[in-house]
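Shared between the two complexes below is subunit A, which has subunit B as its partner in the first and subunit C in the second.
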Partner chain A sequence: MPVERNIVLEVDNLQTHFSTDEGVVRAVDGVSFQLEAGKTLALVGESGSGKSVTSLSIMRLLQKGVGRVAGGRILFEGRDLAALTEPEMRRVRGKDIAMVFQEPMTSLTPVYTVGDQIAEAIMAHEPISKRAARARAVELLETVGIPEPATRARAYPHQLSGGMRQRVMIAIALACNPKVLIADEPTTGLDVTIQAQILDLMRRLQKETGMAILFITHDLGVVAEMADRVLVMYAGRTVEEAAVEPLFGEPRMPYTQGLMASIPRLGSAPEGVSHPRLQAIRGNIPSPRNLPQGCAFHPRCEHASPDFCTHNVPALEDSGMGHMVRCARWRDVLQTAQVAP
Partner chain B sequence: MLVFIFRRLLGILPILFLITLAVFLVMQVLPGDPALMILGTEATPEALAAIRERLGLNQPLYMQYLSWIGNVLSGDLGRSMVDNSPVSRAILYALPVTLQISFLAILIALVIGVPAGVIGATRRGGIGDTVVSLIGFSCISLPGFWVAILLLYVLSLYLGWLPSSGFVRLHEDWIGSLQTSIMPAIALGLRPAGIFMRLVRSSMLEAMKSDYVRTARAKGITAMKVTLRHGLRTSLIPLLTVLSVEFAALLGNVVVIDTIFGLPGFGRLIYNSVLRLDLTMMQSLVLIFAVSVILINLLTDVAYFILDPRIKER
Partner chain C sequence: MTGSALLKPTDNSVAEPADEALLSVRNLCTYFPVRGATPFAPKRVVKAVDNLSLEVGRGKIVSIVGESGSGKTTAGRSILRLIEPTSGQVMFDGMDLGQLGPRALRDARRKMQIIFQDPFASLNPRMSIGGIIAEGLKLHSIGEGRADQRDRVAALLERVGLSADHMRRYPHEFSGGQRQRVGIARALAVEPDFILADEPVSALDVSIQAQVLNLLQDLREDLGLTMVFIAHDLSVVEYLSDRVAVMYLGRIMEIADARDLYANPQHPYTEALLSAAPIPEPGAARNRIMLKGETPSPIDPPSGCVFRTRCPIAGPECATTTPDLKPLGKGHSVACLKRG
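== the complex of A and B ==
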């Protein structure tokens, strides 16, 4: 008996291609997921696995002429964003779906005050005077926990720290009460204390507004804190997707297990040092230009069988209770994991 | 703001000192005895001595320098060695002509160059971009005198729309004034137009790829606002640097343009003073050019200050 779910965003078999000098790159190849109101879905994977490209595809912000959504549907409250005209899509951006980017230091225009940049986001979607928009901007700065918001609203980006700028970015994203917030590694580059504050802020805002969050990160430690569901990406594909507890309790795809093994134990990272980038799995993520035959992960996989995994791309299958795995040998993998201490 | 300008002015003083010193010394080193030049070779030694006394030529160099500076500061640039008329009057007569032509030229360059650069950047790789690049390239490579002659031939001699030479002053008849200055201004402004075009195109392309433009797009503001408010606005800062350099370069080109269009501007003064070896005139002209370049730089700094909030910190 399925529980009533309020799905705001559904991505169905997304294909994103880049045309490059060396041919077409399939940066995202058949990713699907559903995002529920008030819930957080985490998108994890190593650098280059296609997380940012997925989020930019949803927002339709791919660099024109280079990247394009080549297939699949992106349904926001049932409307296919991939089929909207550009002016229609413009009205969705910032209003229905807002985004916080990876680089707080360079993501604000240097020549305008942060108050004006927030006000601009409000005025893009609401018929409101500049004065009223500025007043709202100050309120938003207060909401995201910036002290002396009225003064700070008149500051230029270079006068604020990285953490403050990321709060401003969040204020911009919240300006029109979006139903979906996409946060692409919102805390990379910030130190641990600030990181924790930003994450707290996002959780609090989610509780207050009921928005859904698509949370993109390298950092599985953060995922455990933030997410309800987790989608693990590898080389442009989903390799495992499950609710947080089963995923952390019983990862079924060797890649996910590798990622888990690379989380620094609690307290192992010295105070003030952020989690290192994931790198514990031997080998490198393959270039999407030149994917290996068969399962894209097999060259790095301890469980790979020479006959099957090197020739066949495994399907994404339900291994029970909606725990999705893309691995031909997940049953064996699970057994070895249980046998091992 | 005022403090900023004041500090800049203070910084300019030593530069001004060096420039005046250089101008003064160069004129001393130039061959030719001014006394002989004024009176001619048949002058009696007594007459030569008298005029040296009057011009202060037998005083020590530093005294000559100081009295020259004193005079310049009080607006007296000396008298022409050719006809003994005050140099400042000739300069005040020529200055408005050159100012009007140069400002018009820069205006034309901006009005053509900036929008064309924006079109080139936003239609990257398309027909618009190709056309803009082609025009930009031509503007830069065609020599000003050639454009001037072409304009003269087509617009004055062939079509008869515009007078071919002479200058009407703004306060006398502004339409006539525009008619006499438009061709010289185009001839002068085409090169900077091409340069602005290319600069705006390349810095806009850079800006449009930046993270903050992505943020602006993610807000859902219109593509036009993204391009102008975020892409173009930040590109104005590098444009400013080039603008001031081009303005200075333009002042150097007025000799040719004044000659071709028969304008009573600075170019003509330079030309005549060199031909007649009018040292006082040359000295003053060099000084005025140097001061104008400094002034342009000062204005540029003030404009930076207004356009780029990051400068206030320093």
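== the complex of A and C ==
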């Protein structure tokens, strides 16, 4: 390898199963990736793709007795997280790997001030006095761009707006200078003007701290702005993985292509067409409880062949330069795409 | 007769002239009283919708776009009188909705239906899909007998891309996108002229969102439906809209024909909204106008222009004068002292 890569987190063939009344559901089925220091990997997928379950598996936050990691390895700086005791894992969580969730209101407790909640996160991992921790909390609030941080530290979550609460969540996540930040739909539900601010903040903080970000989202616009590398998930499996430019420039899995085509893009309405249509992917997202045989995407795929795709799960293969694609027909698909305008 | 008659496309060649508005909203205001901090504190109001005027021509789609707290949802509901407006006038098909008594209003509402944002909360989990769709038919005594109503429900399900045998199933058996189709079928059941779509695709996955937007486009074309479409982001409504109104803190900042608004936005808030939308192209040039801060509380809006506290071009006059919508020609109006 020409360049030394600093891999902080490695997920290798992760299998996460949920036991339900209808049997075992394979929510994540053999997902692998490497996360590099200072870089952002985006996990993209729609409902039921397994992207959030992947992050909860890494953090060992799956609900006990319901979900479990059934196979694979999760290595943080070479240490297998599955082998850690719960107290050891607790030291990793929040300190080495921190997490930001979609719903800042449900992740913050309503009965403590935000300053106290940040201070608590610091004191959980560092031998530091309450006073010093509170002072750090105010500094952190300033870092994440909250005006009048000393006053806001005394506010309760309900007194802050959604954007402010997400900044507080980021402040808590950053409290112990984590090496990995897992951001699970951190801007979903925020207004676009506020989303722009939060994304900008995350980019700035990554530059300053060199942390790696695992960014989980359904929004390809956000991916294009944030990610260095992208992993597209569908029905629990990786279906495509590549650096951000080739993934957007030349998506190779028909699902990714369909997803790209179905986004409403500003200024893309065709001229002179009175009632234009978007390009939709036909059919519905399959339920993880009842996945189609063969390639999980074949019932919705325009390129599916009745001989192969309906019976066989294609392998994830390297289509060149590390552009991974899980499609038995990617060569034909690529040709069709190049012939068509 | 079967239910398919109601789904007969309208003949566009004999459509009403474009200038006749089916819905016309004039100076609509909806204010909510807020309790003061103490019992004797002066009474205050939140101006959720302040002086809203718009016209929706037959077969046209007008979108109201705004972020949280902009008043877009209250505006939609005030138009249908689901929320009683404080003042202003809503003319629908020649009737002044504000003057109608309860019975007349109910009859008028048959012609005006609503599609909700949350396909999980807006369908009764204890009713079958057939029952949900047929409810409006029963309420308004549409169709001759149960067999005819069942035929109508079957035709409606097929019209929205579901199948007739879904009738006996229950909402929990369906995905979000399918439920939203059920919601659309329910709205269409009573053969409305007008549909208020309140963020109908916000809760849906991208690949499904496109399907539902295309379905609405088909319905508008085939049935000649008129719609007000409420959305929080401009990209979703570009394909559908004939006109777009951008709201901020209860007021329309800018209103224009869709093509004109996207190509030639005049209000700094519209510009910011357009530039804040993430572009799905890595490395795309982003001349982003980053707005400072957040939307102020509607209880205590800024004086003068409500947008001035976040506006990149605000001047001292913006704190004292509230800009009215100024027509710039070609149906494009903007409420900004600095522009137009």
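Just so it is clear, the second predicted complex is superposed on the first by the 324 of 341 C-alpha atoms of A that agree within 3 Å, B and C clash if a C-alpha of one lies under 4 Å from a C-alpha of the other, contacts with A are read in each partner's own complex, and residues count from 1 in each chain.
We take it that a residue touches a chain if its C-beta (ideal position, glycine included) is under 8 Å from a C-beta of that chain, and two chains touch if they have at least 3 such contacts.
Fair warning: this is a prediction, and the values are worked out from it, not measured in the lab.
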{"item": "Joint occupancy of subunit A by subunit B and subunit C, clash or fit", "value": "fit"}
{"item": "Contacts of A:223 with subunit B and subunit C, given as first, second, both or neither", "value": "second"}
{"item": "Touched partner set for A:7, first subunit B, second subunit C, both or neither", "value": "neither"}
{"item": "A:163 touches, of subunit B and subunit C: first, second, both or neither?", "value": "second"}
{"item": "Contacts of A:109 with subunit B and subunit C, given as first, second, both or neither", "value": "first"}
{"item": "More subunit A residues in contact - subunit B or subunit C", "value": "C"}
{"item": "Which superposed partner A:46 touches (first subunit B, second subunit C, both, neither)", "value": "second"}
{"item": "Overlay on chain A, subunit C to subunit B nearest C-alpha distance, Å", "value": "7"}
{"item": "Overlap of subunit C and subunit B interfaces on subunit A (superposed complexes)", "value": "none"}
{"item": "Touch list for subunit A against partner subunit B, complex", "value": "59, 61, 63, 65, 86, 90-95, 98-99, 101, 103, 106-111, 113, 120-121, 124-125, 156, 158, 169, 172, 175"}
{"item": "Touching residues (chain side subunit B, partner subunit A) in the complex", "value": "124-125, 209-223, 229-230, 233-234, 237, 307-310, 313"}
{"item": "In the complex with subunit C, residue positions of subunit A that touch it", "value": "46-47, 147, 161-164, 191-197, 199-200, 218-225, 227, 244-245, 248, 258-260, 262-269, 275-282, 284-285, 287"}
{"item": "Residue ranges of subunit C in contact with subunit A within the complex", "value": "67-68, 175-178, 205-211, 213-214, 217, 220-221, 232-236, 238-239, 258-259, 262-263, 272-274, 276-284, 286, 288, 290-291, 293-295"}
